[in-house]
Each structure stands twice: as structure tokens, then as C-alpha cells.
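These notes open a run of structures that come right after.
Below, subunit A partners subunit B and then partners subunit C, in two separate complexes.
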Partner chain A sequence: MVSSDPILRLEGVVKKFGAFTALHGVDLEIREGEFFTIVGPSGSGKSTMIRLLVGMDEVTDGAIWLRDQRIEAMPANLRPTCMVFQSLALFPHMSVGQNIEFPLKLRKVASSARKERALELLDLLRLPRDYYDKRISQCSGGEKQRVALARALAFDPEILFFDEPLSALDYRLRKTLEKELKNLHQRTGKTFVYITHSLEEAMVMSDRIAIMKAGHFEQIAVADEIYGRPVSRFVAEFMGEVNLFEVTSRDGTTLESPCLTVKSGTTNESLPAGGNGLLMVRPEFIRFCGEDESPDYRIKGRLLEEYALGSRIQYEVETETGQILTVEKLRQDRASSGDIGSEVMLGFDAARTHLIKDT
Partner chain B sequence: MPASRSTRIVLFVYGLLVIGLLYLPLVSVGFASVSRARYLSFPIKKYSSKWYAEALASGTVRDLLWTSLSVAVIVTILSVIIAFFGALAFARYEWRYRTTFQKLILLPIFFPQTVLGLALLMWFNSLGVIPSWKTAVVAHLVWIAPIATLIVAIRAYSFDPALEEAARDMGASTPTILKEITLPLLMPGLISAGLFAFLLSWGNFPLSLFATGADSTLPEWLYAKMVSGYSPLVPTLGIMSVVASLFLILAAFAIAWLVQTIRDSKAAQ
Partner chain C sequence: MQQLNQKLGYLSALPMLAVFAIALFAPLVVVVLFSIMPSKVFSLANMPDFSAYSVFFSQGYYKSLIWSLGMALASTVILLVISWPLAYGMAKVFRKFTLVLTIAVVMSLFVSENIRLFGWVLTLMKGGLIEGHIRAWTGVGFDSPLYGVPIIIFGLVYVYLPFMLFPLAQGISMVPDDARQAAADLGATRWQIFRQIDVPLAAPGIVVGCLLSFVLAAGAVAESKILGGQAVITITDDIETAFTFGQDWPLGSSLSVILIVIIGTLALFGISRVDLDQIMGRKR
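On to the complex of A and B.
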């Protein structure tokens, strides 16, 4: 259960490497029991962030609180948290059982109790009990993932951190493990902090997502909020295909772009007179209109390309003013479009748009 | 594409020639050691183990072996210790001038050993140190420790630093990480480095020649006896030295095998 109390709190955390600043005074609160994911492109500072959170690097400035204990100066081996590494970091010279028991052995748990716990964890992660004696090199990619998870759970951490543990797996296995992780989170009730560059992974598993860019958080919210109401062009574009109209408010009542005029107040926000913004419409909310349909807004264009994306079809349409719009339909709704090069009428409703003030 | 029959025959004969070229001289030394005659001539008229009996009974030979063994064992132990920490320093830590230091440390390998030996001798003299087998240990270390470091470093570079980080993350202290993770994973490299260090020291002539002073190692004695005062004790001791090296290699394999077996049986429990 996600509680409203923060288990982990960051206050103005700064991390510098020489002259380069990797994190610029980051604030963050992670709630007890939540599945929190930090997403960002490479170089955004997410790996630096997790290394600070587990204690493998020292902060340059700022504070990290675990409940009411300040921990930023506490070394990794004294923190009650544990991480599943990108490379998994399973010990190749130990068996599966010895790997899982490693944190218990460090705590001087008796060997019979250790084995009992290791077998329980094999059960929890749906690995056969006879894997206890297997060598790590005999396990498949997915099995290694489960062993790494079992080892982290044997540690019984207050917070379990994940540093892109699924990135090296093939698509199908990744999908299966994403669901298993989500399920495991629910069953154990632990706080999971997950780092990934894959938006899809974040959307499937997380209670809340933080989008990271150049050493700061651009937006922290639930998945729907981030997808539907991004705060910036970066978030909007990072969260998948998007159509953005650069709009200017003439007099505070209408938003104008070269191919579209929108009445202010029909979207979530309004702009002061002379203000600039971005009006966002996701591709799945734009449709091809017939004569009899009356969407809030209509745009005339020419069909440029059609791409098959499995269950969906994506279209590129060029408006009369030269802007390229992306439209997506489910495969079963394909017929209505027409031929490549033909004139089409696009339509969408005001309720499906979102105004980004910060351009 | 599989090689044709004639190519295979040519390769086979070539292989035999290479092996013959490598081992025939050693075989002739072997023959010389079991010939009763003072000077080797083929065919051997009378075989004898007389020289072996004489070697084993000789006090000089015992002293030579003892000196060589002492130097080689101490050089091996020190080299492995230096190599372990040196390799970790290179592979695990980022520090200023690391690559420069790495090159400087490895440079002695590329010096001709005679030049290195001479330089060390002059240095010992200027410091007022009287050369003995102990200074030979220092001389051997200058040349052998870098090689051992290189061997261990190859192993250290190939293992994921995340393994040590993961152990620390789960609560392990630095000594525990060293014992449970780093040492077991570097062990194959340490064993090879130790083996190389021993063999290089055991068989070294140029450095010993300059650095041992009044003491003498086995290779030095063999050379001196070849130059003046040859006796079949020379090939006999040569063969005994090779056999001792062989035993060492076999012992190293046996230890590696034993460690693996114990680990497997532990894992199976």
C-alpha cells in the first residue's frame, strides 16, 4: 500500500564531477511502498542519482533523508537499502543458493535458516528449488534476473533500487518481467525505485514517474498526467509521438497558429495577451473527418505516408501551412483514410488538447 | 573450407619439425646427463646414474639449489603481493598520472636484463650494499613484479567492478569484499602470476650474474662450469632444474583443480 509519508527525501542535492554539474539541486519525495520510476535519456543524470541514493557516490551538496535519518554521508554497506544492478552483478564463483544467501551470511544467519530463506525466495520468484545448487553460468537471462531479485529481497531492504535491470533482455522477456516486477511489488509491499530510459517500462509498472533532463526533474507525476498534461516540450516529446502547434495569444481570448485558431478557455490553461505556448494533441486523438462530422477543430491536409505499427497504423499528414502532423488509428479503423497523396480533413476536440505554457 | 590432404600432411610435418627443434636440445642434455663418459659422444657407450647420485650427495649442489629456491620463493611471494595491489590500483581506481605510472612501472620489462643488472649493481655499490642473494631478490623483483602485475591486471580488468559494489551494497566491509569476492575472482590470475614469477626467477641468469655477489644461483653455476671446468654434473643439474619446474607446473594445476573441486562440492552441499 502506498502511504502518504515519504520514506526518502532529497533536499537540494547537487553532484559535481570536476567542473561538470550532473545534478542541480534536486528535491524529491518518495512515498513509503510506492513504485517510483525515474526516466530520462542517457546523460540526464539518472545513474548519478541512483548511485547517490544507494551510497556509492557522495553528494557535493544537499541532504538525503531516509524517514527521519540523514543518510547522505552514510556508506553503502551501512544503508538499509539494496540495488539490483544493470549487469545484475551476480557472483560467478558462487552457486545460485550462495548468491541469494550472501546478504544473510554477512549478517551471520545460521546456514539452515539461510537455506530455508533462499528456498522460499526461489519459490516466490518461481524458480525451481533445484536451482539452489546451479552455477550462475547455467542460468538463462531471465533466470539470472530472478536470482538477482531474490538476492536483493534476501537482504530485506527498506527500499529496493533498480538500475535498468531489464535493458539487456529481449522484448518478450522484458514484457514478462515487467509484469512480474509489478506483481512482486504488490506482493512484497516494499518501496521500489526504478531507473530506466524506457518510457514503456515506466508506464507499465510505476505509481509515479519522474522525468529527468540535464540534471533536474522536469516533471514528477502519475503516468496519465505526464502523458496527457506534460509541462514542457521535452516531456511531451519524450513521452511518445505528439503534435505540437506553436500558438500565440493575440488578445488573451484566442490562440493562433498558422494552421489553427483556438478559443482561449477551451483548453486547460490560457495565455496572457502576446504570450506564446504549445498546443498539444496526441496522434490517437486526431481523426479523419467526413462531411457529416463536426469536431471542435478541423485542419485540411494531404496524406504523405502510412506506417504499419503492428496493432496500430500511423499516418503523416502535411497541412496547407506545411506542418507535418502525426495521426494514429487502430488497425481495425484503417479504412477511412484514403490514398497516399490525397486530400484529407483532420479533426480533434478541444477537450483532447493541452496547452504547454513553457516553450 | 577444410584443408586438403596434402596441406594437412605438410602442416603435420612442419609441426613435428618445430617441436623437434624446441625439444631436441633438451633431449641431448638429458643424454649427456646419463652418460658415464665425461664428454658426450653418440652413441652413448655406457649409461649411468652416477652423476645424479653425485649431484644429490654434493654440498655445493645443495647450496646452489637452496639459494635459487630461496630467491625464487621470496620473489614469487613478493611479486604476487605487489601484483595483486598494483593490478587493483590500475583496474579499479582513477587517479592522476595513472596511465603514465602504469607505463613507467612496466618499462623495466623492455630493458635488456644485462643493462638492468649492471645498473642495479652500480646502484647497490653506490648505496654501500654488499651484493648477495638478497640483492638478487631485489633485482629479480624489478623485472618480474611488473610482469606479474600485468598478468593479474588482465584478470582484474576483465571482472565487473559492480560485483564488488554489489557486495558492499549488501553490507560487506572492505576486508569481507576482498576475501569473498576479489580474491576468489582474481585467484586464477594470482596463480598464473606466481607460477611465472617462480619460473622466471628460478631460471634467471643475467640479473643474478650482476646482483648475487659471492652467492651463486643454479643458472650462474651452470654457466660458470660451462666456461671452465665442465663436468656431466652440468647437464645433470640442468635436467634436475627442468624437472623441478615441471613439478611446480603440475603442482599448480593440481592446486587449481583441487580448489575447483572443493568449490563445486561446497556448492553441491
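On to the complex of A and C.
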């Protein structure tokens, strides 16, 4: 479904609030039919970004293009886009049906056609048809979520924006709705732009993810690439548990680190001579080694803690240089050597590492 | 134990019940009883004949009632229109300035209504503060706007502004911002947001504000006397005259009962349509 043509394009978008700059000249292209997620910690500018995209705030500088139309100065009610609010912003004085029909009523669609469309949308969102006459206050959290979605879809937007709509829900419902949203995206073929602070939400649903930090995009890529090949320490750490070793390259061919023992000639990435970097390895790629194994990198350490994470077990290991490493194993692969306080040997292979060339 | 508590509860409510019975219901009962007595009697020990009610029609007292209700309606509509922007500002825009405004408006209530109205008379009368100064400076005078229906309505609007403004501001503050933003996002114009989001969600405040202003204005007497110079006679004016100069208690009582029934019906109808708990912020 995803075409290569951008439906939404940002050029040097700047947003200032007084002396504070929330967005520093952001460029972005979102493709037609894509599920695009913007992830960032609070204060990173992602909410400012979505307010600009839907027209609830004005850019200080720069341009926003919807296909070949410049829309940054267009008020929200004239833009052919629509947003699902974090609070959902359902109209409490209207029934479920009236909420869904609201955008159609504004366009003076005949009431029979409106009702027909509202019932279709109830079907699409797997709500019973008799919810049409229900009051909003009678709906559960998940049902309200679906009503808000139905209302946005009734608008038939070019792009559907989401401002952390799942953040207020409990874990199980969130998981269900994440999958439903992804499914809905596939069935409707619309362009979804989703904002969240939750990496998990982003990973489950998105075609591409943009990581935001302090008013600019740190990295924009598909989920696997952001997880496996982050461009910076910030992205690496934001995308879940990670082990980072500060490395230097004396001769431009091998990497060195105080706590790592490197089997020579194993690095598959390189730094210029004298360059510094971070060698990243995710916790699931570190293993406990026996005497007979010879991984590319070896580290001696002491087992500090063991945490059960459900299907996985997480270990904390302190190296001889005092760095704390995180190791994760599936429950069935639980390490047998694991007495708290005991000496362990850790190892991982160069193919599982990623070199971040910033420090 | 619970029974004892209940008994004590009823007992401790007795003094207040007595006050209500004596101060509120007893006069009402007396008024209702007098309203059905024959004309100009001063005792309830007469045969009821309802003649006072026929006088209401035959001697044109219904005209005073229509003036009262009409001017109350006009002032309520004007109050609603002029208070809305101010109330909206107080609820959504002014922030700290809202407190200053609230205090300013409430302060005006510290001065007696009559004194404030006489202040307007001194300001507006021929040779008064405005006309007098302008004539002294320019040599051109003009007629005083006093002593007419418009100035009475102005007086009602002026005096009852707080009773519209505050409930309205409270009502508007109950309109969630995100609902307005969502409506705009879904394509609603400002007018559509006003009609379909603001008005229905602020309705409890609108109803209470209108009810208070209308009820108070319909029972008002000072504005027509002081500013209006009795250009028109209001029903309350008639009631007062019947009891005092007219020495016709049954007539005064019957006029009172008619006013009470009309306003009481309106008030009950209005109150039944709003959720007072919601206004008081006890639930959303």
C-alpha cells in the first residue's frame, strides 16, 4: 500500500514559544499509505509537531506541504486531515452515533446516509450496531477509543493523526488496540501518523519510526534499523536496554576498549585511526560462555542481579572495570551458572554488534 | 443506635424547619388565602369569592404584568448577548484577570441598588453630570434619556449583570477545550463550534443565568420607579400600591399569586432541565 510519493512534506519547520525553540528547522517526508510514528521523550517537541501538522498551532518558519498544496497557514477546520486526541475529545452531550456523524453533519450529508456510514464504521471497529444510540458516558475506555477512531474515519481524512491515544489505557487493552490499529491501517489504506513516547507501541505498529530529541529528528528509519543500527547513543538507549562500550581505534583496523578482550581481526566495522566510538550490543545477543567457547568478544564479570521479565530473564553483570552490563535470556535458556555474586564469563560476536560513530 | 441518630437528626432539623414554616410558608399561605377574599377586607373570616382575580383582567392589571415580563425578557436576552463574550473571556482567556473582574463586579453589589440607580439619575438627568457638562462646554443641550422604557431595561441589565455573568462563566468553563479543538479539527467553523459544542455544553450555566436574571427582573420595582419615572407601571408596583395606597389586600394578594405562579412554573421548568450538581462541580 505504501507508495513512494510523499503525501506530507515538512521543510525547515521552526516553532518558537517566546525565547524557547521547540522545533529547530525540521525536514520530513511521510509517504502515502504509510504508518509513520514519531517517538520521543516528553519535551522532545513531538506534541508541538502534531499541533502544527493538524493546524492547532502556527509555524514560526518553514513550510508544510500536503501533496502539492502548502498548508502551514491553513486553519485546522479547512485541512483535510484529522486527529485522534490523547483525551479522545468525544462530545459528551452527543450519542455515539451523533459523535461519529458529526463531521458528516457539518458537510450537510443527508441523515439516512449519515446513519448508514456510522453503522458501517461501527462494524469496521467491531462495535455492536446498537451502540449507535448509546451515551458516551456508558462506553468503556476501549469503546470510547473505537468511537473516537470511527469519528475520525467518518471525516475521511487524507492523513489520520494520533496524539498518544492509548497512553491512558491499561496494558492489556493497549496491546489489543495496538494490533487493531495496525489492522485498521491495513484495511483502510490511509496514511497514519502516530505520536507516542512508547517505543513498544511504535515497534508493533509502524512502517517507519522517527526518533525525536530536543526539537529535531535524531533518526528516521524502519523499526529494525532503528533498533539494530541506531545513529547515536540517545537512539540506542531510547530503543530499549542496551550495552555500550566506549571504543577507540589506534590503527584504524581494530577496536579497543578497556574492559573488552577482542579476538584480533574480528571487527566488521571500523573507525578512522585515533577515532572514538560506541560499540553497541543488545542484551539478547550477549551469552554466558563456558571454558570451551571462543566468542569474538569476551568480558569477565560478576553476576549482580537477576530479574524475571515474564518470558525473559534479565541479568545484571558488573565487569572488572565497573561497567554494569545487561544480559537477557529466554526463560528456557536460563543460565545454569547463575548464583548471585559468582564470577561469570560473557561473550558476544562481532556480527551482533553495531558501531556508533559518535561519542 | 441508628434509630436514635435518626431521631436526633430530625430533632436538630426542627429549628430550621420552624423558621421555614413561619418565615416562608406562612406568609405565602396568608397571601394565597387573602387573594380569594372579597375586595378590600382585612380579615380572612369572609366568604371567598375570587373577585380580586376578575379585577386583574377588568381593570387592566394584566398590562402591568405584560410590561414586567416583557422588560424582564428583553433585559435577559440583552444580558445573555452582552455577557457571553465577557463570560467566555473569564472562563477561558483572562486567567488571573478573571479574579480582578470578579471582585470588581461583586464590589458593585456592596452598594445598595437604589443608591446606584439614583447615581444614574444624577448622571443622566437634564442638567446632570453628562448633559450639564456638555451644555456648559458646547452650549448645546439634549433631552435626558431618563423616564422611558429603554432606560428601565438599561437599569435592569445594569443591576442584574452579575446574576447572568457568573453562572454563564461557570457554564462556559465546563466546555472542554479539547472538544472545541476536536470540532474544529473535524471541520467545524467558529459558528458551528458555538452552536453545536459551546451552547449545549454550557447550557446549565445559560439556564441558571437566564432564570436568575429573568426572575429578578420580573419582580423588580426600583428601576421603573427611579429611572423610568413610572413611565410604565410594573406588576410589582401595582402590588405595592394595592397593599399601601389602595388598602386592598385581596387585590395585592391575587396579583402576587399570579406573579408567583408564573415565575414559579418557569423556575421549576428551568431547574428540572439542568443538573445542579454539575454546576457546582460535584460531578462531570
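Descriptive notes on the structure:
The criterion applied here is as follows: the second predicted complex is superposed on the first by the 348 of 359 C-alpha atoms of A that agree within 3 Å, B and C clash if a C-alpha of one lies under 4 Å from a C-alpha of the other, contacts with A are read in each partner's own complex, and residues count from 1 in each chain.
Simple rule for what comes next: a residue touches a chain if its C-beta (ideal position, glycine included) is under 8 Å from a C-beta of that chain, and two chains touch if they have at least 3 such contacts.
These numbers come from a predicted model, not from an experiment.
On the superposed subunit A, the positions of subunit B and subunit C overlap enough to count as a clash. After overlaying the two complexes on the shared chain, residue contacts for A:Ala113 are found with neither subunit B nor subunit C. Put subunit B and subunit C next to each other and count what each touches on subunit A; the higher total goes to B.
Looking at the shared chain after the overlay, A:Ala73 reaches neither subunit B nor subunit C.
Once the two complexes are laid over each other on the shared chain, residue contacts for A:Leu330 go to neither subunit B nor subunit C. Of the two partner chains, both subunit B and subunit C are touched by A:Phe155. Of the two partner chains, subunit B and subunit C are each touched by A:Ser87. Across the two superposed structures, the residue set of subunit A contacted by subunit B and also by subunit C is 54-56, 75-78, 82-83, 85, 87, 89, 91-93, 102-103, 106-107, 151, 155.
Of all residues in subunit C, only 176, 178-179, 181-189, 192, 196-197, 200-201 touch subunit A in the complex they form. Subunit A makes touch with subunit B in their complex at residues 54-56, 75-78, 81-83, 85-87, 89, 91-95, 97-98, 102-103, 106-107, 133, 135, 151, 155.
Those residues of subunit B lying in contact with subunit A across their complex are 160, 162-163, 165-173, 176, 180-181, 184-185, 263, 267-268. By the touch criterion given at the top, residues 54-56, 75-78, 82-83, 85, 87, 89-93, 102-103, 106-107, 151-152, 155 of subunit A touch subunit C in their complex.
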